[in-house]
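Both complexes shown next keep chain A, but they swap its partner, so chain B is in the first and chain C is in the second.
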Partner chain A sequence: MAVAVYPRNLAEALRILEIQSPLVLAGGTDLMVKRAGTYPDECPVMYIGNLPELRQISRQGEELRVGAACTFTELLASPLLPDYLRVPLAQIASPAIRNAATIGGNLCNASPAADALPMLYALDAHFILVSAAGECRMPVRDFFLGPGKTMLAAGQLLAEIRIPIREGWRCIYRKVGMRRANSLSKLSFYALSDCAGGRLQDIRIAFGAVAPTVVRSREAEMKILSGLPVEEIILMYNGLIKPIDDARSSSRYRREACIRLLKQYLQS
Partner chain B sequence: MKPITEAANRLDFEDKITGAARYCADIRMEGMLFAKTLRATVARAWIRAIHIPPLPSGMAVIDWRDIPGKNAVPIVTDDQPFLAENCVNYVGEPILLAVGPDRAETASFIRQIVVEYEERKPILTLEEAMGRDGDFISGNQPWFASYGYDKGDLEGAMRRAARCVADTFTTGYQEQAYLEPQGMVASFEDGVITVRGSMQCPYYIVDALKNALGWETDRIRVIQLPTGGGFGGKEEYPSIPAVHAALAAIKTGKPVQLVFDRKEDILCTTKRHPSQITIKSYLDAEGNILARDIDVAADGGAYAGLSSVVLQRMIYSIGGVYRVENLRIHGRVYATNKAVSGAFRGFGGPQAFFAMETHMEHIARQTGMDSVQLRQRHFLRQEDSTSTGGHLRSPVPLHEMTDLALRLSDYYRKREQPNTDSGKLRGIGCSVFFHGCGFTGSGEQDLIRPRVRLRKDVDGIVHVLASSAEIGQGAMTTLSKIVARTLSIPLSQVRYEYPDTKVCPDSGPTVASRSVLVVGKLLLQAGLEMKKRWSEKAFETEARFTYPKGFSWDKENHQGDAYLEYSWGANVVEVELDPVTCDYKIKGVWAVYDAGTPIDKKIVAGQVEGGMAQGLGYGGMENLEYADGKPVQVSFTDYILPTSLDLPPVTFRLVDNESVLGPYGARGLGELTLVGAAPALAAAIENATGRPVNRLPLTPEYLLEVMNGG
Partner chain C sequence: MGEKISFVLNGANVSLETEPMRRLLDVLREDFGLTGSKEGCGEGECGACAVLVDGRLINSCLMPVLAVQGKRVVTIEGFRETARFHALSGSFDRAGAVQCGFCTPGMLLAAEALLTDNPDPTEEDIRGALSGNLCRCTGYTAIVEAIRNAAREGEGLWP
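Presenting the complex of A and B:
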């Protein structure tokens, strides 16, 4: 039988983390399913879902700060959240899962199909990682190494997600799942554009679930801004997308659907 | 008295809603041991050695040598062992069991056992099986069963024909996905083995125990527990875990619980047969279908199981609802090194109707006809003879039903203007189909010989004694309503307990849309007898099945009345498809059924919604593939079932067409509601995309190939 540990605050959690190396549980919607047979029973479990320091949502200037233990339901209920963040989050799983699942858990689980990820890549979000020794700030693109693999070190917790906010963003999001609810993504497409003054000022494009981590290329985005023909842009992304065949879809479908979505977006 | 059709409160619901119902996994008994099964990890091999670590105290191992009787599951043939002896034929085949007081320890012990295999070349697909010329899995040929029959003169009609339209269709697996996995608890006391669990057919388990133990029926007792769904998956399969749990209980002298986890359940239990169906239709210059030449192949998996019976239903259904005078129909079910294919709601019908209805769409497309009119021109009518030369004695309201379905759905307007402005493609399609109720041919008489009893107690309470299992479909309530109505007593005066073979006679398995039609009719007969003697204090009445007069069935030649009764259906499905991703939404579902008089409106509505969801799942998103002899989608994360968001409200109507044979005019409904969904979905997608489809499931991945012209 596993030992459960309930720290009262972040400092206590970090001390426990350093000494006992527990399994960290926030919402538990992935972990509870995965646990059986995956982790040794002796490994203690530390619950961080109620740590007050990880449950804040605030705005500091042009930056949205989201505590890692906020659930998706809480995020969706926050008036601070702009629509271009709300749209992808509203399509995650089902109300029951969104009530329990946390954004930090979704990120640290590091599934290539994590639905909160493409928007954070597109927005150049940063993560605040904390340990007993102190805190550091890391860009989202540096945090993820591959499926299930992150830069999170032993003794570290993901505490906060910092997302730059910009007034003019308009988003397009397409999650291609296996059904309308409670479904993992076969692929997802997230694009932001800023057309202030009737002219394309900036563009961001991210693809989920079609490579070990989210596909985003600032270089390609700059080429779009510079007016490179659609065919050449598509070629660039075609080289970046590296989908796999798995139980949920085929690499062929994932690649072609991505390219078709991109083409439709660029032509509109 | 209210009409029988008015909804009653279901007898099984209070326990289920309050959580009082105890399912197999909830059972705890003193000294109970937990069993875990060691399963084959390779598709085809000789077992050379099994290395078992020293047994911890309190644990035991059960293998084939513990079977005192025959190591053969008694289904149609006896090729399938309860526990593998010297070879395995599919990944997941049971080899031995470990039992112990701690579930995790027992599972961990199983993981430490090492099996040495000498692998053989497996047969992993239907195509491989069809092409095999040696090293067969079963006997001297690559198939378990091969049937064929003719009607009229195919050759002559071919010579008169102006054109031929040919299609080949393939369909995939479908997993029953009952909410409660397979589970059994066995206990052995005073020389009697008692097995309780999740099941559809208590007497199949009695037969299996008799075979395995070599015991008489008086030492065998089987009791159904509240059962979380079956859909055919708990027809023949539960005999295997029931015998396993019984062997362990007998060997250890302690109660033994065997409950599968989901992955194990999907890995090793029965699924719907994949199929490959070729239909060639020969038409005259006016577009009348003169003849058809049909070839059916089904993937039966590693052992024969019920495959021959499923194949029979496939070849008796493949003619569809059409009057075509010249037919040649041939079917084979092949052996492959995969989990055994078995019973699943529809039982061969869904594959057959998908193929025939989609083929009708293709004929219309190729000849420039309207596909509904093409159907209507060929609809079967009362007094027609079926493909097997059976007599359609009752009205066949196909025109009325189809017209109603088209009107409800505004079919023609939508059909002719399939595109919308949003960049999405809209499409609408229909299907017309039947389901033959009860066992095939004279099976009720030859194989089952069902009987029921009613017992009246001194307090006036009437007990229904039948082996029909409540599996969520409402059998307990509908059958009790029939008894209450017959005796003119309130439903509260009727008792229907979960069947216990110690007290309930064998009224047959809970399958084949037979419970209301056959068992319900027997209960009505026993009720009429009871009503005559109602003034007596405490007594029992009994009714036995008799084959109705005027029916005939020649099993060898597939001639005569293939079914006692036919239920009819017409479905319409509307979709909206995104041409960019080929993902689609179901926008509307309309259905008209003729199942005779509904015994309970609300239960009928439940069957309609559930069957439709399961049928659309089969047609669309339920994708189960095998790779290297193993199923790929072994969890509900990857094997996708529709949710309420994927299914719009189903608009349905029942036509008034009382059955002559069934109780109060009712006939079978449970399977009918599934079989028409996939072909209507396929027709809608063809209407949206303007391209023909030839296989199920209709995944976006497949539709992208279709759109690319692949």
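Presenting the complex of A and C:
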């Protein structure tokens, strides 16, 4: 029989992680689907959903700090959450899933369709990874290696997500899926813009689920800002997008939908 | 051997020694005989297995029992004992919101979670709150109406 381990604080969790190599459980909404019916026989399970250090949301200067074990419901209820984070997170699954699912689990699970991902790429967020040996700060684009693959090492936990605050920036998030609630995206499109003073000052564009990791290109964004014609921008992105065929959709459909969403956005 | 997992189930302290990764749904049905929580999909998509954990709607098919250590779990059997249940179920009956009844326990608990947060929901709020609960019989309209009526008539029940 497996043993459940309940660390009382982060330091204790990291010690247990180092010594016992347990399975780490937060909300369980990804783990339970994957392991349906099968239990980890002898492997201990460490529950991190109660760790106080991973459950904080705070603002420090120009950065929002979000504990990895905050659920989506808790995030959405926080007055500190800006709209450009609220819009994508509100589209995740259903109330019951958002009540259990954590942002850290969403990121560590590293599904290309994860809804927390495109916004964090667009905002140049950083992750704080911790182990018994200490902590390190890593840009989001370095963390993700491919579907289900991250830089998280044995003995490490994702502790915090640090997100720059961009006062007044506006986002749109389009999630193309089968059903409104509880569906993983076939693809997703996140765009963020700064139109202070009625002029486009900055723009960020990120696509989810159309390549092994999120697609974002600062070079293409700079071209948009410099006023390159829409057709040429679209050609650039067309080269960056590398969708696959799978049960949820075909690569052709994904490519066309991406291009259409981008075109619509650029022309608006 | 595993440690005991203790929690409050429908108001009573309970404690059991079991495989910690078992689904809360199975523990409720098999160990406690509480069969009001149903298994529809087993994957978090239908809400038939929904219960309240510390007052929040949770799909018990996705929650390993170890995660309810120290928490309060309310199933439809516990909710039945409340005045809110009677207001909601009366309203479901009058609106014709129950056909086969398989989704009903989950729907009632989703409605309770909604009205606790928001005693005066719009139709959009209600539909959002039910977005994780599937019903294959009613087409939802009657359920939405039942919840709206319960909110209107259940004055004072949901503060």
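Here, the second predicted complex is superposed on the first by the 263 of 268 C-alpha atoms of A that agree within 3 Å, B and C clash if a C-alpha of one lies under 4 Å from a C-alpha of the other, contacts with A are read in each partner's own complex, and residues count from 1 in each chain.
Keep in mind that, in the parts below, a contact is a pair of C-beta atoms (placed from the backbone, for glycine too) under 8 Å apart; a residue touches a chain by one contact, two chains touch by 3 or more.
Please read all numbers here as calculations on a predicted model, not as lab measurements.
Contacts of A:Ser249 after superposition: chain B is touched, whereas chain C is not reached. When both complexes are overlaid on chain A, the residue A:Ala2 reaches chain C alone and has no touch with chain B. Legend: residue contacts after superposition of the two complexes on their common chain; A:Leu261 is shown touching chain B, with no touch to chain C. In the superposition on chain A, A:Ala154 makes contact with neither chain B nor chain C.
The larger set of touched chain A residues comes from C, when the choice is between chain B and chain C.
Of the two partner chains placed around the shared chain by superposition, chain C is the only one that A:Asn99 touches, whereas chain B remains out of contact.
Under the contact criterion defined above, the residues of chain A that touch both chain B in one complex and chain C in the other are 33, 94, 180-182. Residues 1-4, 6, 25, 28-29, 31-33, 35-36, 39-40, 45, 47, 49, 73, 93-97, 99-100, 180-182 of chain A are the ones touching chain C in the complex. Partner chain A is touched in their complex by these residues of chain C: 1-3, 5, 19-23, 42-45, 47, 50, 53, 56-59, 61-64, 66-67, 69, 110, 113, 128-129, 131-133.
Of all residues in chain B, those touching chain A in their complex are 580-583, 585, 621, 632-633, 637-638, 640-643, 645-646, 700-701, 704. Of all the residues in chain A, the ones that touch chain B in their complex are 33, 94, 174, 176, 178-184, 186, 247-250, 252-253, 256-257, 260-261, 264.
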